Amino acid sequence: MPVPAPNLYPPFNIVRLSHVTYRVTDLAASRAFYVDTLGLQVTEENDSEIHLRAMEERGHHCIVLEQAGTADVGVLGFKLFDEPDLDKAEAFFRARGLPAEWVERPHMGRTLRTRDPWGIPLEFYVKMDRLPPIHQQYKLYRGVKPLRIDHFNMFSADVDASVAFYNDMGFRVTEYTEDAETGRVWAAWMHRKGGVHDVAFTNGLGPRLHHTAFWVPTPLNIIDLLDLMATTGYVANIERGPGRHGISNAFFLYVRDPDGHRIEIYCSDYQTVDPDLEAIRWDLKDPQRQTLWGAPAPRSWFEEGSLFEGAAPQDSALKAQPIIAP
Amino acid sequence: MPVPAPNLYPPFNIVRLSHVTYRVTDLAASRAFYVDTLGLQVTEENDSEIHLRAMEERGHHCIVLEQAGTADVGVLGFKLFDEPDLDKAEAFFRARGLPAEWVERPHMGRTLRTRDPWGIPLEFYVKMDRLPPIHQQYKLYRGVKPLRIDHFNMFSADVDASVAFYNDMGFRVTEYTEDAETGRVWAAWMHRKGGVHDVAFTNGLGPRLHHTAFWVPTPLNIIDLLDLMATTGYVANIERGPGRHGISNAFFLYVRDPDGHRIEIYCSDYQTVDPDLEAIRWDLKDPQRQTLWGAPAPRSWFEEGSLFEGAAPQDSALKAQPIIAP
Amino acid sequence: MPVPAPNLYPPFNIVRLSHVTYRVTDLAASRAFYVDTLGLQVTEENDSEIHLRAMEERGHHCIVLEQAGTADVGVLGFKLFDEPDLDKAEAFFRARGLPAEWVERPHMGRTLRTRDPWGIPLEFYVKMDRLPPIHQQYKLYRGVKPLRIDHFNMFSADVDASVAFYNDMGFRVTEYTEDAETGRVWAAWMHRKGGVHDVAFTNGLGPRLHHTAFWVPTPLNIIDLLDLMATTGYVANIERGPGRHGISNAFFLYVRDPDGHRIEIYCSDYQTVDPDLEAIRWDLKDPQRQTLWGAPAPRSWFEEGSLFEGAAPQDSALKAQPIIAP
Amino acid sequence: MPVPAPNLYPPFNIVRLSHVTYRVTDLAASRAFYVDTLGLQVTEENDSEIHLRAMEERGHHCIVLEQAGTADVGVLGFKLFDEPDLDKAEAFFRARGLPAEWVERPHMGRTLRTRDPWGIPLEFYVKMDRLPPIHQQYKLYRGVKPLRIDHFNMFSADVDASVAFYNDMGFRVTEYTEDAETGRVWAAWMHRKGGVHDVAFTNGLGPRLHHTAFWVPTPLNIIDLLDLMATTGYVANIERGPGRHGISNAFFLYVRDPDGHRIEIYCSDYQTVDPDLEAIRWDLKDPQRQTLWGAPAPRSWFEEGSLFEGAAPQDSALKAQPIIAP
């Protein structure tokens, strides 16, 4: 079996992915994209930073936009279950010789900053400032009506190794793509919170962030966003979709922010809370793997991604290629 | 605070609600309703029983229909995380002087049969036969396109006590209704699997089952079901809705099966995996509590429910009344 | 046959309903309702008048809101096909001893002002100022995303007579409700533009305007409006729905403006351009006539309406009653 | 101005497009596609012919499938307003030296068979057998829930000339594409029934039928069809879409039947009944003309089409090319 058995008793309890820090080169342009177009809500902003949340989130932020000279990704954040999990996490990373330091982060309690073995910057916390619910303030809904952050997808130069490491942390594989020739895993989707994924890994020059995804109510919201972007100067930012993924069965759209950071708009995958959920295998050459309806993804989608601050990407040894749009 | 703090370290680990056994007086009529109208899939049937699953479920059944002389509810089933949780559950119930026996159930592994303190028949298991996925066999989708069982709602003669007992088992309150005059909880919604609820309790003659709910993709599927039921002889089985709940923010419809068992069709509540999620309080007299758009529920919805086999219901001491449609 | 045969060669060619003038007692409150909540676009406004159009309309206005001491309806407007039709219309009304005068109306060419035999103020024109299309300026879409004015529904004290008169003008009956006891028509739906109706008549104290309807893209837009109104102080303005009409098969919602003028939000009826389209008959006592799903309309919906300026309503002789919600 | 002014007083009154006869090489395969997959209703069938209607149509058929040795198109049918229009049509075609004969067609009254100047086989009638309404028999809805035939799109070797001829017959241009270099019309959309088109012409090897379109309720029905086709062996029959057209603003999908005849699934264009509706001009090189969201159509979509029985296609003199997907 090419993917590891689920680790039902992980060393510390990760509840879900939580937030991402995007470093952007023009904060006003990014604000126009994330706030005015996608419809995320500003929870705090100044000249150098904007904190955003989606409509059903009560934590203070799911995205932090930071004005920077170069566009990259500052950190991926995860929420842990309880205070002792923070100390257990520290022990887990230290035992593997990985960095682990306690940092101050606004709006967050004790925060452990670390990196995975390939340099992806991670932070773990238990408490983030909680805000009053706004999910029933319907006059605030705009754009694609983003409800919550759903997942991160990362390029990995060694997906088998990435899966093994995140499996150790308790992420469970729900679906994966195998390269039939080598028997290696080409991509994998892994969850903590009961959907198809909190994190996914795709073979390629890595580590890089492929995309961050937001959950929306229905496919019609995605069509609304396409109509809006197409008529407000963002037509070139539409990269792929709309479509139905074979993997995850979700309805999707990929768009690029003004710095090229990729955002997926995503809805209607399925519930995965059963610990005995069988992972679904896909063949790399199956044309319906990417898009159930048969349309391949464009080359940019396979090749472009956001660098993580402080992590130099490496080429992947696995050279197998999926079907790419001509 | 009228609802207990979440029990983050429960005595055994319940993953989610799993299934219900409905005893029905005309199996063919029930089949026409659940299979041909709602669109559930038959996984096994004979002259006296039909097993059904929803489209994204891989467990063998979420409903068992049993031919019986009298319509009632046989049992509510819950899936546990791992084998040791079964033994811990047995100890939990025995310690409280409640029945706990190991029973044989087709398609299920070790199964613990018990009752809650008011007599609601419960069963717990870890392993149920797993079936191949059908969520991408779109030709099988029919009716309301039910994706998965979502929750049980029960009448309780003492909601505060029911909440305390299920809280002990690890169910966490997400929203509740308070009777302002007495300070007592009139209704509560409690989850394990990360949605607004796996179980809910409503003040009234109890224990009785108020309804079982199924999750569907979008509100348009609910409109499709209304059109179908209205033109296939089921117009009198439409009890309440469609509408948006104030509580849970879900889009809903309530229909009655041929024996009067109530089924809710439900979609678009919100994610509740955060252990520090603040429960939302509603006042019993708030007209938007039931339906955000202001329409009250009919009297039948407040008064009628399904008896549990072997459990005699008692009147509630709390006499406070919500707004009822004239 | 209780409804007249269609008049395929009418005396003048009415293209479609066009606009309504609502006299309102608080122009700012009406603006908040029609512009900020429903999402109509302002094409001109000053302290005493606001002109509005819907998203796919190129004519200057479909609603004129006029500040007035008393709320009523100023006029119902209809677009004619060509200039000679205006003179033919004048001859038609004069021949029946009805008023017919040429009036100046801003943004409109030659305009014939008249009244039907029961005093409903009507105006006919061929040319109205044409504005650039905005249907692909998606950033302007708001509220319920109203696309176009769809129809007027009027109380009539003698529906048979109203149908006969409007049939003479070329409106064709698509559906009607008969009182089985008397054989009289209780309500009728009549079109010019190829949908189920441009005008409808309902038995009751008349003439009064029952409602003006706007066409929207899908039922989900109606659900969005309900969510918005329910959380912005308009919950009491939601009168009936959402639902599927038996008659017309349309999905509907009825709301009341700040003066009580009734607006229907409407979508998905059917095409009626065939001149040999058979009118569909409904019995007044059929519960699915009003709402296919069985829910009756509230009493206010049957009894309340807007007065036409200068037209005193009369009681209807036909006393038959539909099913009314308790 | 590159398109002619609308002919408000045409020589005979065409109500709408009505039906198409497709000659197919495997009637059973075509039935599986049109009936089981798209969801059209069989109104009559035998070993050599199947008649179909869509859900809101009351005329006997909108498609006739005929078993044949070679796949092509037998005829395009149009409904006229009244009996005298048939004789006026005969005179119109005879005056232009075009064929005009009275033919017997099952289920239809007097039927005039003719060809346009480029050989497209046309038939005109007033009366077709009328069937009971089924639009409220919701148990019959399947597949994409087709409501009615919407339009024909034809390749023309001289679009300017085709537009002039159909304009003479009273079709009015709603939108058109101009080749900026030559000032010639590259494509045009023309209506009779009040939508964006009953007929359209596209520059290319012609005459050939580019596609027949069906109107469906909402974009979600199109997504449902994609999911169904993708999982029932029709993934290769999905040619283009889903997307939003720039021209017409409609939401679309193009699929191919088992013989390669192209069917468009279409919804949400706009009302065009105003005789003074201004035609919208698009530049051939505008990437949003084809798809508002920017995705170009594939080469097959520009090059492939169905031959008309008995009409040899000619190359177009106009060589200008739109943007084609690589």
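To keep things simple, chains are lettered A, B, C and D as they appear, and every chain counts its residues starting from 1.
Simple rule for what comes next: a residue touches a chain if its C-beta (ideal position, glycine included) is under 8 Å from a C-beta of that chain, and two chains touch if they have at least 3 such contacts.
The model shown is predicted, which means the values in this text are computed figures rather than measured ones.
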Report task. Could you tell me which pair, B-D or B-C, is linked by more C-beta pairs in contact? Result -> B-C
Report task. Examine where the copies chain C and chain D touch and state whether the two sides share over half of their residue numbers (same) or under half (different). Result -> same
Query raised in the report: Which chain has its C-alpha centre farthest away from the C-alpha centre of chain A?
Result: C
**Report entry** chain B and chain D: spacing of chain centres that average the CA atoms, whole Å
**Finding:** 49
Query raised in the report: Distance from the CA centroid of chain C to that of chain D, rounded to the nearest Å?
Result: 33
Query - Centre distance in Å when chain B and chain C are each reduced to the mean of their C-alpha atoms - result: 44
**Report entry** Of all residues in chain C, the ones touching two or more other chains
**Finding:** 136, 218-220, 227, 230-231, 292
Query raised in the report: Considering the complex alone, what residue numbers of chain C touch chain B?
Result: 218-220, 223, 226-227, 229-231, 235-236, 238, 242, 244, 251, 287-288, 292-295, 326
**Report entry** chain C - residues contacting chain D, complex
**Finding:** 8, 15-16, 56, 58-59, 79, 81-82, 127, 130, 133, 135-136, 147-148, 193-194, 217-220, 246, 249, 268, 270-271, 273-278, 280, 292
Query - Touching residues on chain C, where the partner in the complex is chain A - result: 136-139, 218, 220, 224, 227-228, 230-232
